[in-house]
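In what comes next, subunit A is part of two complexes: it sits with subunit B in the first one and with subunit C in the second one.
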Partner chain A sequence: MSVEVREQMTSTDNPMGRPVVAANNPLIAERDSHDTRPLAIKTINVSRVYKIRGQKNKNGETTKTLTALGGVDLEVYQGELFGLLGPNGAGKTTLIKILTTLLAPSGGLCYVDGLDVVKQADEARRRINMVSGGETSGYGILTVRENLWMFSQFYGVSNKDAQERITKMLKIVELEDKANARVSGLSTGQRQRMNFCRGFITDPRVVFLDEPTLGLDVNAARIVRNFTRDWMSEDPSRTVLLTTHYMAEADELCDRIAIIDHGAVLACDTPANLKRLLQKQPVFEINAGGLNDRSLDAMAHSPGVVRMTSEAAEGGSAYNLKFILEDEAAIGGVVSTLAAHNGNIISLQKNEPTLEDVFIKLVGRSLSQNEE
Partner chain B sequence: MIETATKPNISVSEPGSVWRENLRTFRIASWLGWQVESNWADPFVFFIFTILRPMASALIVVVMYNVIAGGNKGNYFSYLFISNAFFVLVTQTMAGLAWTIFDDRENYKMLKYIYTSPARKFAYLIGRAVGKVGIGLFTVIILLLTGILFLGLHIDWARVEWGWLLAYFVTGMLGLGGLGIILAGVALVIARHGASIGEVTAGMLLLFCGALFPPDVLPAGLKQVSLALPPTYWLEGMRRAVNGGIMTNISTVNGQTVTAPISPFLAQFSDWQLLGIVTGSGILCAIGSFLFYRWVENQAKERGMIDRLTGY
Partner chain C sequence: MKDTGVKLFLRAAIARAYPRIWGAHRELSWIFFEIIVPLINTSAFVFLYRALGAPEQYIGFVVLGGAMATYWLNVLWMMASQLYWDKQEGFLELFILSPVSLMAILLGMGVGGLYMSTIRAGAIAIIGTLLFNVQFNGDQWGFALLVFFVTMFALYGLGMMLSSVFLMWGREAWQVSLALTEPVFFLSGMNFPLSKLFTTVPGVVSLFSALIPVSLGLDALRQLLFPGQLQGVFSPAVELGIEAVLGIIFSVAAYLLLKRMEHLAKVEARLSLRWQ
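And then the complex of A and B:
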């Protein structure tokens, strides 16, 4: 599937195509001064810069660098299910790696459950756990139960509690019949479900879920989402930081969402508030045929078009076009441009704004589209 | 500390919590190591890798010796066979520890989860080595029995100094474990070559630590390398303990039978001096490896190497 975004330059872009985040970004909701909820996660100006090997000047200093995170400030409340939404390479996983003590930040401060993850890493590790989706981890020689039991022991969970939790968790993720099966004999999806159990078996205070439903079938993904919500509701002090590619998942699960791109937080608020960003900017979807690059460009630059994405459909003979407009009246100009370029409209509809639309507005491209 | 959160389940200030975590990690890692090493579910694979491979390496040396010595099984044959049998422990411990990092990171993809858990990483590595040392010991016994039963190796059981054997074994393991952890640290910050670094280092040690020939016969420069290696003294100690004294060679010079130590240089040390060297170097290796691993761990965190898959 190929998705393209034609956009007009807006005040939030710079000539390099990289979003500029103002110091006081109005899209990042300020904490209410009366809000006394404790924070589970706080990052202050966290950055991460990778040095690229082989690029050195005469003094032997590395000249080429890659900025994965460029000064991220985040506050996640205790008891919150917080989502990080962003395309590949946005910096989501880098941030999770830093918060889970796997990676050292290049600058800034990170606190998890009140602890500095750099200076108090050992203490922080006792209170956290993480799950990465889309991977086949696990000691193949051990059974599912043994794998989970082993990790519970690293966290000092009593044997009785561990066995009870394992039985309960395996039942929830529908793996109870595989409890005594070797991990090497499990399918990828079954391994992922086991790994998901590993993340919760230790009853952590803060769980980091990095694309937990990636690669799971619909039923397994639903189980994971339901469990995550139920687990949160059992104890109001539990916190989850979730990264996901799936807008619907973020919309359904998260109390608040931060949209991140190029290592910077572009917006941070509840899904409802984020969608309100587009309240005054209607979203239209047009399915049209007879279009080419020129006509697509012309439509993207029609007066009143804030963003436009195009996705080839029906074997390339038609396009699904999505428009974010300054106001409803602008659709007239779009339709006229389309007609002037001999395009024919198959369908046209006005949509309620979704997180996907918010994402397109802020990032300049859809989540499924890799940056060129 | 910023305003947050409630009291943790375990506090750093809780007395003994760090020790408890170390012991717990060691116990669980030993169990895991044994499960991984003793893959009894496939006895054939176990036999090939644990028994046949080291045995083949030892037999190659025996055959080479027999060709050169014309079938004469003098004391040098015992020197060679016993050294090579115990060298299995050097390979198992050192190469095994480096392999643990590679295996956990690249094959099981679990290293990041171990690292984000409260498991104590040093205790974890030592625990994982326990299984390897156990298997190594088993192999040593099989090798010695094979030598005695089929290859004409002579061991006088009445002369074996069991106390010294135990003392050398324990103190030697300290040094070998330390060197293994240094290699594990190196494996943490290098790419897929981490898989072979242990084997390569063990191969180099085979040449220089007196397993094939005494350090005395090496060229001056290489002799110094040999004498700087802790396993050189450890192997000498193990040989002495099994032999019941310094191993000697009997030769005929001008019609007269002459008995001389196989390694005159190492023979100048008494058992206590040798044990002192093995213990001292073992403690140095252990402390050095701890410091080195801490440093290299920070490097790995700086460079994002802990969970980076390089083997694909």
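And then the complex of A and C:
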């Protein structure tokens, strides 16, 4: 199912299609000067530029580069479940890899649990762990318990502690009956739950979850979410940085969210405050038939339309259209335009703003839409 | 409480050796691929030598060479390529993410591989000895054991070094392993006395041969286990010394290359991006 976004040029966009972020971005909530909560993660103007191999000039210098991060400033409090939202290629995974010491930043400073991840990488590694969605799940020839034990040993966890934690965590993720099964025989969901255990078995202070529920069924995703919440509630100093494609998941789990695109943070606040950005800009959803590219374009440029996304409905010629408007009156113009292009409305409703709407407004496209 | 320092290093090495030591026994296909197939190869040389009327001690040389070949194949296919495959599978990222040195991971891989190969080499040596009636008549078993362990130190040091090299030139790793297999069989004298090679080929080829730990190690073992039946390249004591020096050089080189590799991985994103 494809989703398209049609928009009017606004003051926050530049002609290159890259959102311009003001130095004092009002969408990034400033830290209160009286706030004394310790920080678990802090990044200062972090950038990362990739050199594309094979693109060199006569002097052997790399001619093609890709800027994945362009000066990111983030502060994540200890005890916070912090979400990082962004489309594919936004820079989320690059930022996580820098914070987990796997990648060096091209510029800027990064601290995790008070440690510089470049200069104090070894010490930082003792305090962190990471789980990526869809990652390879240990050696297939070993059992679930053996794999988890092996990875726990790389962090110096004693055998006794490791076995106790493995038993406890496998029970929590409902995988205890597979403890002695070979990993090669597990389903995708079971492997991901095992991965999840691997990330927490070392008792880290900061955990990075990169799309942890990617490809999981509803039940497995629920288990993972519940576990994350329970794990954090056990110790208020534990911190999670989560990236996800699922807006509802971010909304449900995260204390605060940063929306990132083209390597820059566009907004950072609590889900409720982010949704308030759209309080004065009503969100309408129209299900309509008889539309074509021309009529869709005309509606996107109707007076008062801030953003419009169009999604072809499954198995039919109808479209599901979502509008963020300057005010409610603008819907009249949209309906008139639709009628003038011989479109027929199947349904029309006004929605409460969601994180998805905030994302569309800020990024200019929906999260499910791949970059062109 | 988590271990640090040497305790963490050893704990991680043991953990990484575990899949090799226990996991390998779960796939019994190794009996065919790593005992029967090499034995067939060894048998071919035995029959060839007998058909040509070669001295009977050559049969013993070939059986011993067949056993030692197991270690070389393990180093080349399981050790040298392992970090590359670990990278492709995404495990390397998890190793680097952990606070343990990659040297501990490599040591674990080496120890696990050595254990696994010893069982296979032992099986080949015993079956070959019984099948072809090989007579070992050495009286310096202690010295032979020392030569064997120092040779393994050098060989697995080379494996650790190659592991880093293959990781940096990853995409060609498989082809490099393939390309190295047969030339090393030739250069190390697995199936014939090494002195014959040294007296026949140009000096530079002999030098390459000497840099392969199994070459002089095997030559020394043959001298010790079949005394008086073989003109060695050097005396066993000299060959032991060369093996020890090689082992130190390879181990230090492995450490430095790993550091370099980790640096490149972070700066050039070779670790994070599988296409790099």
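Everything that follows uses one rule, which is that the second predicted complex is superposed on the first by the 368 of 372 C-alpha atoms of A that agree within 3 Å, B and C clash if a C-alpha of one lies under 4 Å from a C-alpha of the other, contacts with A are read in each partner's own complex, and residues count from 1 in each chain.
Following the convention adopted for this analysis, a contact is a pair of C-beta atoms (placed from the backbone, for glycine too) under 8 Å apart; a residue touches a chain by one contact, two chains touch by 3 or more.
Predicted model only: the values in this text are computed from it and were never measured.
Of the two partner chains, neither subunit B nor subunit C is touched by A:181. Contacts of A:115 after superposition on the shared chain: subunit B is touched, whereas subunit C is not.
Of the two partner chains, neither subunit B nor subunit C is touched by A:312. Looking at the shared chain after the overlay, A:126 reaches both subunit B and subunit C. Of the two partners, subunit B and subunit C, it is B that touches more residues of subunit A. In the superposition on chain A, A:38 contacts subunit B only, with no contact to subunit C. By the touch criterion stated above, A:158 is placed in contact with subunit C alone, subunit B being left untouched.
By the touch criterion defined above, A:141 reaches both subunit B and subunit C. By the document's definition of touching, neither partner reaches A:345: not subunit B, not subunit C.
Subunit A residues 50, 97, 100-104, 122-123, 125-126, 128-130, 132, 135-136, 138-139, 141-142, 146, 150-151, 153-156, 198, 202 lie at the interface with subunit B in one structure and with subunit C in the other. Note for the complex: subunit A touches subunit B at residues 38-40, 42, 50, 78, 97, 100-104, 111, 113-116, 120, 122-123, 125-130, 132, 135-142, 146, 150-151, 153-156, 198, 202, 205, 237.
The part of subunit C that touches subunit A in the complex is made up of residues 1-4, 7-8, 11-12, 14-16, 18-19, 22-24, 26-27, 89-91, 93-100, 105, 265-269, 271-273, 276.
By the touch criterion given at the top, residues 50-51, 53, 97, 100-104, 122-123, 125-126, 128-130, 132, 135-136, 138-139, 141-142, 146, 149-151, 153-158, 182, 198, 202 of subunit A touch subunit C in their complex.
Interface residues of subunit B facing subunit A in the complex, by the touch rule stated above, are 1-6, 8-12, 18, 20-21, 24-25, 27-28, 31-32, 35-36, 39, 41, 108-110, 112-119, 298, 301-302, 304, 306-307.
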